[in-house]
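Multiple structures are listed underneath, in structure tokens.
Look for chain A in each of the two complexes below; its partner is chain B in the first and chain C in the second.
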Partner chain A sequence: MEFEVKRDRLVLRAGGGKWEWHIEPRYWRNPLIYIGILIIAPLVVYFVYRPLLPTIIEANVLAAIAIPLALMTIGTGRLNFGPQFYIGIGGYAAALLSIHYHLSPGLTLLAAALGGLLFGFIMSPISIIAGGLYYSLLTLLFPLLFLEITFIYTDLFKGDTGLAGIAPLVSVGSFSLNLLIYAFISLAMMLIYLFIIDKVLRSRYAVQMAAINDDEEVANSIGVNVNKVKIVSFTIAAMMIAVIGWFYAHYYGTFSGQTFLPLSFMLKIFMVTMIGGRMQIYGCVLGGYFIAFLELILIRTTGDMSSLLLPIILLILLIVLREGLLGLYRKRRYREYLPTLHVRR
Partner chain B sequence: MAELLKVTNVSKHFGGLTAVNDVSFSINEGETVGLMGPNGAGKTTLVNMICGSYSADSGKIEFMGKDITRLPPWKRCKLGICRTYQIPRPFPELTAMGSVVVSALHGKDRPNRSFEDAYTEATLYLEFVGLFSKRNVLARDLTLFEMRGLELARALATEPKLIFVDEVMAGLNPAEAEKAVRLIERAKDQFGVTVLWIEHVMAVLMRAAHRVIVLHYGEKIAEGLPQEVANNPMVIESYLGKS
Partner chain C sequence: MNLFDWGLVPSIIAMLVIQAGIAIAIYKGLIVRYMKQEEIIMLGLLFVAIILEQAALRFYPIQAGVYLETTMVPGLSKIGQVTVSNQLIFAAILGIVVTGLFVLFFLKTKLGLAVRAVSYDINSSRLMGIQVERVFMFIMVLVLIPVILATLAIAPIWAVEPSMGWGYMIIAILVSVLGGLGNIKGTIIASYIIGFCHSVVGFVIAQPQFTGLSALIVVLIVLIVRPQGIAKSETVW
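This part shows the complex of A and B:
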């Protein structure tokens, strides 16, 4: 076996074969490299420092919520402040069916997805009726209403304590190994979402969404069926987010509206999308990892102060990095077009 | 010439204000019809009603014999109605190419059109308006004249039968205005579109329009050949006031 470093490539000769790896900058943009890093990371953490595994799961899940939220935002041209409503739908559907009817995680996944689809479809006309601030306020209201409902019907939802006794998704005996498997499941979910939505955002539907984002009325006047695009993107994204609720329920074994439905959780998701890169789907991955690890570092270093410091740091970043972390790179590469949220300054 | 658009007794009120009152006219295929009137005469409101941005309070709008009064804008576009805007409304975050691709993908129903086909066709329209070299420039970074060209390309890419050109001369210098007029005339010849041209500048309509309709305070006060309309006392009065 022979390994050679040339000016523009790395060459590996083994047996009769020869493999070349070009080190031109554009090849570093190959997503396979980053997917490889994301796959290796939990393994490295598992063997080096296991307490980091929950943070990796959290990062993957935050990104997996933010990616469909980006699709919803881009497809409707409006900022949804209530994605956690669908987490609640998926989570409670999975929890109730698992506890009361002892359904397997496979069946509760189906129920959570259908629940998300149904509620997403019912809620989707809001994106047609309301715009701008009114849409944001309306969507903000739903999770809070849902939270109230969980308290009012506390016999069913166990609003104050949460539902416990949900069947785990995996149970292999070892706690650390369970976490490793959960890390890979969460990563798989995030990568599947990323793959699906990337395909959508590179297709003809992306230009429809981009046009709606930029000027809905003009898009309508040049033949784009704006209402259809909004309803489809809203409903599909709601379903995807509901599936994350299902994951949360089976991962923790308990599900409480108090954890996922309040504004604090919404703010975290919102920051993931914006800090990552203004509703850029790849930015969501960056944002998910950034915020999950920033939160961990702050908790470890500042203790209780972290709940105050995290929003302050994120707010400063939101002001300084208007285009988000990925925006720093994409700013100069607008030809590789993927629609983003049009920030009206 | 077959009748393309027929507007019968349309009215539009905004609260107590009557923007368009009982206006009727028709446009034949291949014609260039000028629509003029002082500021606030209701020209753009009328176009908004025909394109579907506003719904008419009363009256009927027919396109190629089909009642389109209650159709949404995107369906009207698919039938062959498209427009440009008085103040250009490009898609700011899209490149010039991207903006035209949206139209080429939508607009008139073209079965089996792929994304790549739309790109190829967008090239044609960008070349037509002279923006091919700026195809990768963001629409927001174009000059006013280029934005107007882009709007025309975007409208033409929907393959319309009837195109509304809303005050294309506004904000352009004389050389650019001349170019814009020639561009619309060429579009008419090359793509066979019928044009309803909303304009303040009389000289342009005198030269380009076959027929002129004049609105004043939301009502039609004159219709006829450009020369006839220019000499119409009511038109002169509406523009210059009573002596």
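This part shows the complex of A and C:
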């Protein structure tokens, strides 16, 4: 084992492996500042204006859905239009096990993750057999058909009313304190996802994903196991999204397919990724907060009209912001970022 | 009709004009800008659908309902032991006629040839003197006609409400994916396959709740065998 201190990094060599940690401030200063702001925000809101806590939770959760979706998109080179299907899988797994078998949230988390993993694995070959628009259109249908199934088997899924009576994740006696803890849990989930996927997108697997994104045949010819990369990135991302379904179920105490499976929710998730920065994982955080607060402002100011105004504003932003909100930042100070979206046709 | 007290025909013409205006606005505002980014176009079009649905819901809530006086052939007919509404038979015949006209248009007219050329290769079409943007705009308006006719034909039988399009969208996606995106011959075959699948599951097996699911399974099985769908999507016919 060998440990080396360089000007900008610490290097550890052990066996055949090599690990590096950047110590130069320019590498960690900005992320640390942003994470600090995200951690302080719920605390400030808790002491200043508590009704904003649910919006912060929603923002974190939206970002936490969008980040694995970005991994799925980059890893498969295809745009999955049905990420909410896995929210449904995770949410219903958690809800049914909690209500009927009284399992603790820890165990339901395991079940939701396994459910996401299993269904992700079963669905993943679609990314091999279908490409471009075929793939997008097919994946668009899965959540809608799942919603249909929740109505067909309404005795089990309570498709019309939703499942109620799910054990809460947190219960400390005070409603506001519960919300604060939920805000930190959602933030932790989002940051863990961000950290993991950031590491993946900086690893050699990202190079393989970028190759698949550019040209599958070329990637195959240079030795990239295209199918393996696609299946792994699809399945892992599906599992991560299913865990968000678990969080939703235990956070609200109810779970209804009508809330999470329709197209409107899918569009919200997509706008987080698109307005944030066209599948850039840091843009997802920006997009999550932007969409959650925009929705809140519209509901507060326009009431019922918000259901009409929100899609109008989002459509305008989709057309106008070609690189998303992160693109505005990148225009000013360009940096080489992670693999970006190239959807194969 | 109700607002201006117009007759049926002027109302239909006005509807076509309004829809054509919306289609051209969508083309100019969204499709031209993101011609090579299909995912953005798809997202944008879904947004347009939701905006129109929400706007329609404000004026015509589902509870209020809309009744269109478009019954062309009143009465019922008995075919064997089955009683069918004449309007439904009319709608079925209308569907076949419109499909036939579309096929003839694409195969036998110069404009249809131009559309096919654009679908093969945009740059080569430009070099051959085809005004690609005009062709796109024309197609955006042309595709409205069968949709409008179908809506008018089924309106007296099935409920017309702002959210009715989503169910049809699922069927349309299944049909177009199964047929091979953009191929008319494949799409016609696929529409009959999906239609028969719905009928068998709904009436023969008597499990109407599984129609959507069964059609999806059929599509997935076909896609496993033929990933490009029934026909090649690179060709129109």
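One rule holds in what follows: the second predicted complex is superposed on the first by the 306 of 345 C-alpha atoms of A that agree within 3 Å, B and C clash if a C-alpha of one lies under 4 Å from a C-alpha of the other, contacts with A are read in each partner's own complex, and residues count from 1 in each chain.
Heads up, the rule we're going with is that a residue touches a chain if its C-beta (ideal position, glycine included) is under 8 Å from a C-beta of that chain, and two chains touch if they have at least 3 such contacts.
From a predicted model like this one, the values you see are computed outputs, not experimental measurements.
Asks: Assess the superposed three-chain arrangement around chain A: do chain B and chain C clash, or do they fit?
Replies: Here chain B and chain C can both sit on chain A without a clash.
Asks: Which partner does A:D214 reach: the first (chain B), the second (chain C), both, or neither?
Replies: After superposition on chain A, A:D214 lies in contact with chain B alone.
Asks: More residues of chain A are touched by which chain, chain B or chain C?
Replies: Counting contacted residues of chain A, the larger count belongs to C.
Asks: Check the residue A:S203 against both partner chains and state whether it touches chain B (first), chain C (second), both, or neither.
Replies: In the superposition, A:S203 contacts chain B only.
Asks: Determine, under the contact definition given at the top, whether A:I222 touches first (chain B), second (chain C), both, or neither.
Replies: It touches chain B, and chain C stays clear.
Asks: Mind working out whether A:Y134 is in touch with chain B, chain C, both or neither, as first, second, both or neither?
Replies: second
Asks: Output check: A:I149 vs chain B and chain C. Expected answer is one of first, second, both, neither. What do you get?
Replies: Once the two structures are laid over each other on A, A:I149 reaches chain C alone.
Asks: If we overlay the two complexes on their shared chain A, which of chain B and chain C does A:L315 touch? Say first, second, both or neither.
Replies: The answer is second: A:L315 touches chain C but not chain B.
Asks: Once you lay one complex on the other using chain A, what is the shortest C-alpha distance from chain B to chain C, in Å?
Replies: 11
Asks: Considering only the contact definition stated at the top, list the common interface residues of chain A for chain B and chain C.
Replies: None.
Asks: Show which residues of chain C lie in contact with chain A when the two form their complex.
Replies: For chain C paired with chain A, touching residues are 29-30, 33-34, 37-40, 42-44, 46-48, 50-51, 54-55, 58, 166, 170, 173-174, 176-177, 181, 209-210, 212-213, 216, 219-220, 223-224, 227, 229.
Asks: Can you list the residues on chain A that touch chain B in the complex?
Replies: Those in contact with chain B are residues 203-204, 207-208, 210-211, 213-215, 217-226, 334-335, 337, 339-340, 342.
Asks: Which residues of chain A touch chain C once you look at their complex with the stated criterion?
Replies: 79, 81, 126, 129-134, 136-138, 140-141, 144-145, 148-149, 151-152, 263-264, 267, 270-271, 274, 307-308, 311-312, 314-315, 318-319, 341, 343, 345
Asks: For chain B, which residues are in contact with chain A within the complex?
Replies: 51-53, 72-74, 77-78, 82-83, 85, 89, 91-95, 98-99, 101-103, 105-108, 115, 118, 136, 138, 154-155, 158
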